[in-house]
Amino acid sequence: MFKKMTVSGLLLALSILIVLSGCGGAKGADETGNTGSSSGGSGSDRVTLKMMHLWPAGSSAQQNKLVTQIIDQYQKDHPNVTIKTEIMDNEQYKNKLKVLSASNELPDVGITWAAGFLEPYVKGNLFAPLDDILGGAQLKDKFVPGTAEAYAINGKTYALPIELNITPIYYNKDLFAKHNLQIPTTYEQFKQVVKTLSEAGVEPIALGNKDRWTGSLWYMYLADRIAGSDTLKKAMDGSGSFEDPTLIRAASEVQSLVDMNAFNKGFNGLSNDEGKSEFMNGKAAMYLMGTWEIPNFTTNPDIPQEFKDKVGFFKFPTVDGGKGSGDSWVGGPGVGLFVAENSKVKEEAKKFVEYFVAKWGEQSVKDAGVIPATKVDTANMKLPQMYVDLLGELNKASNITLFADVQLKPDAAQTHLDMIQALFGKAVTPEEFAKKHQAAVQAGK
Amino acid sequence: MSNKGVIALYVLPSLLLLLSIVYIPIVLTGYYGLNKWDGISPMSFIGFDNYKTLVQDQAFWQSAYHSLLLAVFSAISLIGYLAIALVLSGKIKGANLLRKIYLIPMLLSSVAIAQLWIKIYHPSNGVLNTFLNSIGISDPPSWLADPKVVLFSLFVPIVWQYAGFYILIYYAGLKNIPETLTEAARIDGANSWQIAMRIKLPLVTEIIKVTVVLSVVGSLKYFDLIYVMTDGGPNGASEVMASYMYHKAFRSFDFGYGSAIGFFLLLICLLATYLIRKATATKDTVQFH
Amino acid sequence: MKTEVIPAYPLGAPGAARQAGRRAGMGLMYLALILVAVLQILPLIWLMLFSLKNNQEVLGAPPFSIPTNPHWENYVNVWESGNIGVYFLNSVWITAGAVILTVLLASFVTYAVTRMKWRARSFVLGLFMVGLMIPVHSTLIPLFSTFQKLHLIDNPSSLILSYTAFNLPTTIMILLGFYYALPREVEEAAIMDGCSVNRMFLRIILPMTSSVLATTGIINMIYNWNEFIFVNTFISSDVYKTLTVGVQNFIGQYTTDWGAIGATLMISILPILLAFLIMSERIVEGISAGSVKG
């Protein structure tokens, strides 16, 4: 028994070594390695599509159900197609995507983010251009202007967005009423609101800045309102400068909010979830966050109705003398679908993506509370008022400034996020903050 | 069977497994480190450029310093674990039950431990600050947000997480000492302290050396709780080498540079191990008689 | 330190005083020991409470607060959404397989290194020690492409092989500390009796080291049971995933169901707690309990 075991162990290890002996570092150019296990994309052959997404049934039940519905329907309409899904959470999804890319093993269809996140994958020739389905019968002119463009590089579109979010400031009507506060429309009024609340011992703003993109929203809005969206956009793409005085002023306004105790204690060590709970339990009066939170203030059965009734929203106030309009929003398309360039079933995958995006657009608001990037016809939908109002705002929007961490290239995005934490923690001056950004953007990574 | 055959039989399976699964990544990491590579586009060979950048990278050296602090902190805490193991392995009532209870936290996954300590450190309703408030400290620090304290706030749960691991090893080592030895000493009139210092400790020196290496190397490449609890923040105040490497490779898409950090980390671990072995080298090993 | 000679059974007045002092000392020590024990058991209680709360209570209320109406449905949720049952079985057999393989292989190596004389042994030992030093995130991309070439992607054996390979170094090092201190007399006697090396290893060495085998077994088991980075990277089919992945089921793009995560963690700690209690019974007086006689 013992000898047998040793011998088989030895054999196992030996065989590993033999197979491995041909194993080099770089991946061979001729390797076709792809996960679609079918024999090809033509007509009536059996086709297996592999899809990776990030809506687990446990936490994103509605999205998960919607995806399943769409897939079931598609499989019914196309009996030769089988769609296999793999589901991970956000963080693990991103890691796995990276590992799979390095081995050229992407799934046929998957989730990606826009602009800066997308770029390395496009440069590495991993994502297929989707312009043909973007201009095709099902999707032509269906997208909200500016959304599909966020996934375009050098004139080609490499993914199709399925989400669109803007970021209002949610507020607690009760707390505002109790302290005789009105919705601020100018930044001066806003600071007065902060001051009143802070002096009354109420946390003015809920923030969990361990995640860093949360604090970034505040800087982006101030930059947009003070410097104007054009200056900000140019600084981001490297044609302008972060050291523009108006952008430095935006950074110093962030620090003056910190000095006014505008944010809950210890925000730099709290996750977004923990920061949010300050708002959800009525301790903090305001919370700047994406429209993906609307279900929590309208339909989510786990949140007490009496709290949901208290929540309203307002637009980020304008700054006197600033160049930005009050109808400009920080936000943008969230996730989109890509098709792998070397998928063996690329055409089938594209067809599925086209179908998916169209169906998702029709059903996502109603079924999952997600605002799609395609135009929504709310006429015959019964939606909670907050959805109707925010969709109205979205239609009126003069500009959407894309989330900084999505807009910037990966390395610059990391610098931005780290600097945000430093700015909020007062570990850097606004000037240093600007200088570090400038250097990172110029490095072009 | 010949002697060589026996040795091959005992060592080769493990060695082959090690070479094929552990050494391939080591060699490839070293190779990636010599390239400019985002993990997606083809690599381009750039020689030692990544290492040249690394040597001048302040953020890296700051993270290396943090890792080193953790290593020192962990190594010192071994004394405490050894003391606990000595007490538990002595002839006291209930030692068996106590030992089991002591080791329970070690079963928790890092995810659970991180959540527990995040709750303990919460700035307003955390266990720690609630307690500090109740004894009259009105403005306790925000443990995970204050760059001055965050590193030590993380060290405590890390060291606590591994307590069970080391206590278990020490305990098993101490229990392995034949009772006849300690009994004989006791009859000769030695007290418990003397038995511990003169008989038990010398017999577990090899085990102590091993644990020193394990804790130092483990600390130098430590990642888990830091990643979940602060993600290296705020602004790098709790960044360690492994988290820095992860951020570069997986977040900044700079896999070449990340690999260079990984390989450099390996070299630092090797150096540390060499120094420890050298400092603790003894001619003869002590055996039970 | 001065060595005092203490009579084995002190009698009389001075002895009694000393005994009283000793009692007080023992009392204090027990107090401290029990205090630590309470602290160590609190995390389990916290986790239990955590698993019965909803998001509002997890994030808003103090960690040790008792949930006003316990959310047992968290457990129902966990059980119904996702493949907890399948994950559970996978965790069990993958963990068990890797633990047995690791402990056995490590014992072979340690035995050969400490009990046989050959030239390359310190070099080989060094090779194993280097294995401790590579950060896990450096290994993902190389290992993925390795397993891909071996057609072991989405195959549980990739997990068993990597767990074993990465745990061998630690396991060997711990074993080493014990083997060095093991008396050789028994083996020498056995060799005189004409016992073969293999027989001696199986019949004498393994039983003699049973307490350290249990120790390393426990350590390996905990590591394998809680590992998730390799599972995520190498496995894509739901049927081969393990319990640690179950937690992810409750982390969403923008929302996380903390109560359900607590319930998953609670479910996943129970089997390992049981295994730990059983295995730790093996860590007893090593040699005296070992079958030196046999």
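In this document, chain identifiers A, B and C correspond to the written order of the chains, with residue numbering beginning at 1 in each.
Everything below uses one rule, namely that contacts are C-beta pairs under 8 Å (C-beta built on N, C-alpha and C of every residue); 3 or more make two chains touch, one makes a residue touch a chain.
It should be emphasised that the depicted structure is a prediction, and the values quoted were computed from it without experimental measurement.
J.: Please flag the chain sitting at the greatest distance from subunit B, going by CA centroids.
T.: Max centre-to-centre separation from subunit B belongs to A.
J.: Would you mind telling me which chain pair, A-C or B-C, is linked by more contacting C-beta pairs?
T.: Answer to which pair has more contacts is B-C.
J.: Any idea how many Å lie between the Cα centroids of subunit A and subunit B?
T.: Taking the average C-alpha coordinate of subunit A and of subunit B, the gap between them is 36 Å.
J.: Could you grab the centroid distance between subunit A and subunit C? Build each centroid from C-alpha atoms only and quote it in angstrom.
T.: 39
J.: Between subunit B and subunit C, what distance separates the C-alpha centroids? Give it in angstrom.
T.: So the centre of subunit B lies 15 Å away from the centre of subunit C.
J.: So which stretches of subunit B touch two or more other chains?
T.: 9-10, 13-15, 17, 19-21, 24, 28, 32, 39, 122, 250, 255
J.: Two or more other chains touching the same residue: where does that happen in subunit C?
T.: Counting only residues that touch two or more other chains, subunit C contributes 60, 105, 108, 141, 146, 161, 198.
J.: Considering subunit A alone, which of its residues make contact with at least two other chains?
T.: Those would be 6, 9, 16, 20, 23, 95, 98, 102, 274.
J.: Spell out the residues on subunit B that touch subunit C in their complex, using ranges where they run on.
T.: 1, 3-4, 6-7, 9-11, 13-15, 17-26, 28-29, 32, 39, 84, 87, 92, 98-113, 115-116, 119-120, 122, 125-127, 130, 165, 168-169, 171-173, 175-180, 186-187, 189-191, 194, 203-204, 206-211, 213-214, 217-218, 220-221, 223, 241-242, 245-246, 249-250, 255, 258-259, 262-263, 265-266, 269-270, 273, 285-289
J.: Which stretch or stretches of subunit A touch subunit C in the complex?
T.: That would be residues 2-3, 5-6, 9, 16, 19-20, 22-23, 27, 33, 54-61, 63, 86-92, 95-96, 98-100, 102-103, 105, 273-274, 276-277, 280-281, 290, 292-293, 296, 302-303, 334-335 of subunit A.
J.: Give the list of subunit A residues in touch with subunit B in this complex.
T.: Subunit A reaches subunit B through residues 6, 9-10, 12-14, 16-17, 20, 23, 25-26, 94-95, 98, 101-102, 120-121, 123-126, 209-210, 212, 264-271, 274, 410-411, 414, 418-419, 421-422, 425, 427-428, 445.
J.: For the complex, give me every residue of subunit C touching subunit B.
T.: 3-8, 26, 29-30, 33-34, 36-37, 40-41, 43-44, 46-47, 50, 60-64, 105-106, 108-109, 111-113, 116, 118, 124, 127-139, 141-143, 146, 161-162, 164-166, 168-170, 172-174, 176-178, 180-184, 197-198, 211-212, 214-215, 218-219, 222, 225-226, 244, 247, 261, 265, 268-269, 272-273, 276-277, 280, 283-288
J.: Would you tell me which residues of subunit C are touching subunit A in their complex?
T.: 54-56, 59-60, 77-78, 81-82, 101, 104-105, 108, 140-141, 144-146, 148-150, 153, 161, 198, 202, 232-233, 236-238, 248-258, 260
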